[in-house]
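After this come two complexes, each holding chain A, first together with chain B and then together with chain C.
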Partner chain A sequence: MAIDLISYSLVPLFAALIIPFIPRKHRRITEIIANITLLSGIINLGYVIIYYLVLNDYTSYTSDAFTTLMLFTIYLVGMAITFFSTYYEVEKDTNFSSYYSLILVSVSAMCSLVMSRDFFTLYIFMEALSVCSFALITSDSKTFSIEAAIKYFFLTFPASVLIIFGISLLMINYGTFDFDTIKFTSMNFLTFVSLSFIILGFLIKAGIVPFHFWTPDVYEGSYSPVSAYMAGIVTKVGGIYAIIKIVMLLSSYGFGSNLSKLLLFTGFLSVFVGAIAATVQKNMKRMLAYSSISQMGYIILAAATFSPIGIIAAVFHLINHATFKTVLFLNSACVEKSTGTTNMDELKGLEHRMPWTSWTSIIALFSTAGLPPLSGFWSKLLIILALWQSGHIFYAVAALIASVFTLAYFTIMQKKVFFGKLPEKFNDIKEAKYQLLIPVVVISLIIIFTGVFFNRVFPYFERILS
Partner chain B sequence: MNINFPLDWFFIAILFFTGAYCMIVSRNIIKLLIGFEIISKSATIAMITAGQATNNMALAQSVIIVMIMVEAIVIASGLALVVKSYRLNGSIDIKKLMNLKG
Partner chain C sequence: MDKTVLLAVLVPVIGAFTIPLFNRISKDLRNVMAVVIAASTFIFNVVLMQNAFLDGIRYVVSFPLGFDFILKLDPLSAFMATVSSLISLVIVIYSLDYISHYENQTEYYTMVIFFMGSMMGLVYSDNLIWMYTFWELTGFASWRLVGFFRGDKEIAKANKTVLVTFFGAVLMLIGIIDIYMTQGTVVISELKAKEITFLPATLILCGIFSKSAILPFSTWLPDAGVAPSTVTSLLHAAVLVKIGTFVYAKLFGTIFIVPESFSYMVLIITGITALVAGGAALIETDMKRIIAYSTISQLSFIFLGLASGSKLAFAGALVYILMHSIAKGSLFLCAGIVEQKTHTKDITKMGGLVKSMPLTALAFALSAFSVMGLPPFGGFFGKFFVFKGAIETNDIIVSILFFIGAILTMLYLSRLFYKIFLGSEKPNMPREGSSTMVASVLFLAFLGLVLGILITYPFDYASITTETMYMMGVNIQ
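On to the complex of A and B.
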């Protein structure tokens, strides 16, 4: 563990321990504690990151800069979800004190996960994160959410067994599983098998295509803010982060040509199956889930090049994905709250009644599809450049074609939900409360600024991942 | 390092496939959980074998104790989920959970 950053993980944990002792009638106090805890963390981390971004001076920066950036992303999405759920109509059955406490515990688990410096700590916190997230999925106690949680349980927990197998094979080979003391001196068969087991486990946890069956069901069935939380950060940190970490570890020793082919192929499959399946969906949340699968395929493609620019692209796309997917899922939650449905065939012309939701979702979808001034364009450009430079020209072209599909399905979604003539039955609906729009607008501004000031952002990424 | 795979690995494989078979064929969610528990146990034995092969039982034991704790929490929360599902649907048949479709 990175000891100097450990307070970012311990403070949410203590707050989560305090929350169950607050009496149920003081609901405001619970919400204030949860929000203040995450807000203080985000101000702290944001100061550190913006300080270096603005000054452009990295002389006093430590090697933990990557961890700091991941912590900032986790706090950002966690804060957005907590603030959103505070004003989102909580159903009567929802146990809000356990809800906030579970969100804080899972933020703490994610922070510990990105701080971990060996495979076993990674495994423990991934399990803690999974347990928290399937408890969170069931927070509205409906039939759908219980079903989603059961599917999530049975389709992802066998992955942890595979990870343990991988870790024990790694231990036979090297006697330890510390990131710093393992020396990948030669890529023998046993190392290959053990790393394949570990990567397979994390691919299942992340929901990449051959193992993606749980992803749409979980994102569709769970409580709406929770599905934004799951898609935005939980599956990224719980699955993709570990794969990027393994890639960074291996590329520093100059190995990974065999694993590269495996990862490239799964990434390619994921990009295409996700994009094609998303074009035919009828439910908005389900379509966003397939889009999430497709975007995660891009991250895997970038990481699979095992080159420095590929790793920069993967991390940058991971953070971009956390921002724009959170915006889109929160918008779908707003739409669901206003109209009572997420079925895209019933929705039409909401632009006239919900202009803020419509415009923020346009920003997020243009960023996802990779239109120039926004942050998603730069990360996709870096991904395609990395693939081209490392000689995988077929995959570079495929990534380019799939990004056209991305624009296609998002345009279909925007047209069906927000454009067109407003039907009679939606005449009296209103824009969501302004408190619900604050997190969405703030994250949209982050998307725009990251894209416009890319000349400042890129040296930062280059520096922290060198 | 010369590794001769001891007999343990055959037991681990047998346990793993027993648990996997149990998870594939049964429809009862409790039986699925039992199958999951069996494959977790095979992972535990794999860790013991790894510790024995590298003469580092202290590390392996500490890892296994934490693993058992993690498994207990996972299974307990899984059972809580089964109870919640039974109260809502009146059944613990996994094939009846087919409401979410694309």
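On to the complex of A and C.
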């Protein structure tokens, strides 16, 4: 574990432990504790990161840049979800005390996961995260969400078995779990099998094609802010992060070409299957879920190059994806709250009544499609450059062409939901409360500024390799 | 002067997003600010144009990996920026009246100014990545503007517009990355006189053709006619389709050395486009679609001049960019007046409007003469130089293709004018448009005439630009 950063993991854990002792009628206190905990964390981390971004001087920088950045993203999305949930009115039978506790525990688990420095700790916290998400999906106690939770359980927990099996084999082979001491000096059969199991497990957890079946159902069925939480950060940290970490470990040993081919192909499949499936969806949340699958494919493609720029691109896209997908899912939650549905065929012309939701969704979707100068463009450009430089020109071109599909399904979504004439039945619709818009607008601004000030942001990303 | 280049880009780009804020104060202030921003952009560009032949005026913000944000002044950029900001300014003034009956006005002004700003960024960018960036931003603005009326049909066409141009732009990005990987830089002035192969050139050409609506990417432009006339005017005359011609002139006329077969391919494709679009314009009955097809066929002439490999034709094409912008802007704005007053775009339902709308008819006729290429209108000189240069250097097939195209232009524009303004009168004759609108179109129409009479000034500028920038012996020669 990265001991110097451990407080970011312990503080939310303690807050989560306090919450069950608060009487249920004092719901407000629970919410305040949850918000304050995460807010203090994000102010702290934000100060560290913005300090260096603005000064552009890293001579006195001591922490692990990659970990700090991941912590910041986790806190950012966690904070957005908690704040959003506080003002997102829910049905009476929702269990608030456990809801905020679970969010805080999962934030803690994710922080520990990115701080872990050996496979076993990584595994432990990934399991803790999975259990929390399993419980979180059922937050609004509807039949849909329980169905989604069961699907999540049956389709992703077998992956845990694969991962622990692979880790055990690694232990047998090398006698250590530690990232620093484990030496992949030769790719013998046992190493190959163990790494295959681990990566397979994490691909399932991340919902990459062909293991994507659980994601649309889970994102569609679960409680709306939880969908944003799951899509925004949980599947990234619980699945993709470990793959990037393994790639970082392996890339320094100079082998992995077989692994590279495998990952490139799954990434390519994800990009296309996700994008094409998204164009035919009727439900907004389902479309976003498929879009998520497609974007995860880009991250895998970038990581699969095993090159420094590829790893930077993967991390950058992971963080961008966390921002824009959170915005889009929170937008869909706002739409659901205002109109009572996320079925796109029933929606129309909401921009006249919900301008903020509409414009933030436009920013987020153009960032997803890679429209310059938003942040998504730069990460996608880096991905393409990484693929091209490592000789995978076919995948580079395919990844670019796929962004046309991305823009296509998003313009379809805009046409059905926001862009257009307002039908009479929606005359009384109101924009979501301003408190619900604050996290969305803040993250949209982050998307714009990360893109426009890419020259400031990039030096920070260069440090994640050191 | 370095800062003026930055201002010419930043004032409209940032200024666009202050328009919703001014709208909070009052609608009039918003309209005034839109005109002020457009006018100041035009003034910056005029100042820049006077200094266009000075060397080394550039503004640099460094970005990693060689993606520096560089704005650089050169004669070609200053020319294009001045032309498009002038037309945009007239369109904004015309809009004050035209658009005042509709919803979403704030978004309209924001997007028009943003569109103009992106165009400025595009023409001054000295880095292919940033050129691509502004390229996409114009696509975004056109998406919102084409969907202005918010009907199902309009939104579908808006999506089509953005998807076709985005597809082309993605192909162009592949070409740009290929150049980045082979040449090691995407800074345009560092790429001067570098040879590039057929493939990246063709990929970039796909992007150019998608914006300029040349076959096979041409179908979105007539469809975009569902937008308000001011927007179509903006798309056709001032910004969107001219982006393609500008980038072609800049990259393939003054920067890269391309294979001969590439230029020849451009000539053949645009020659066929001129015929197809001319034929389509002859049978179409929707007023705005006819003018749209006319744009496609006239753009082919510009490409003929740019790709033919003769200096005279290149300078002629630059002159024709100016003259076509003015005339086509005016034609669409006239069509806007007619459409607003008659509530139809179908020319079979019109006739005899010259009696009730004499001034509009006059402006329309003058602009149509310019596009047809009748002396002494500006369009004549543009076309004349293009033809003269092209015939000197080119084989006979291309010349014949374009000659037939020119005859078609004359036919369909005469037919259009006859059907709308002459012919038998229909009942319920509409009245003349408002004074702001008529003044705008008359200004553009007479500007075309005056520039035709004073042709030496634009032609001198264009030929000096060509002398200083054109790559010798690059294309077919």
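Quick notes on this one:
Methods note: the second predicted complex is superposed on the first by the 464 of 466 C-alpha atoms of A that agree within 3 Å, B and C clash if a C-alpha of one lies under 4 Å from a C-alpha of the other, contacts with A are read in each partner's own complex, and residues count from 1 in each chain.
Going forward, a residue touches a chain if its C-beta (ideal position, glycine included) is under 8 Å from a C-beta of that chain, and two chains touch if they have at least 3 such contacts.
Since we're looking at a predicted model, the values are computed, not measured.
In the superposition on chain A, contact of A:N455 is made with chain C only, not with chain B. Of the two partner chains, chain B is the only one that A:A149 touches; chain C does not reach it.
In the superposition on chain A, the chain among chain B and chain C reaching more residues of chain A is B. Of the two partner chains placed by superposition, only chain B is touched by A:V161; chain C is not.
In the superposition on chain A, no contact is made by A:P308 with either chain B or chain C. Comparing which residues of chain A touch chain B with which touch chain C, the overlap is empty.
On the side of chain A, the complex with chain C involves touching residues 349, 366, 369, 371-373, 377, 381, 384-385, 388-389, 396-397, 400-401, 403-404, 407-408, 411-412, 414-415, 419-421, 454-455, 458-459, 462. Chain C contributes residues 61-65, 67, 69, 129, 132-133, 136-137, 140, 143, 147, 150-152, 155-156, 158-159, 162-163, 166-167, 170, 173-174, 177, 180-181 to its touches with chain A in the complex. Contacts from chain B toward chain A in the complex involve residues 1, 3, 16, 20, 23, 29, 32, 36, 39-40, 42-44, 46-47, 49-51, 53-54, 56, 59-60, 63, 66-67, 70, 73-74, 77-78, 81-82, 84-85, 88-89, 94, 97, 99-100, 102.
Only residues 120, 124, 127-128, 130-131, 134-135, 138, 141, 143-144, 146-151, 153-154, 157-158, 160-161, 164-165, 167-169, 171-173, 175-176, 190, 216-217, 220-221, 277, 281, 283, 286 of chain A touch chain B when the two sit together in their complex.
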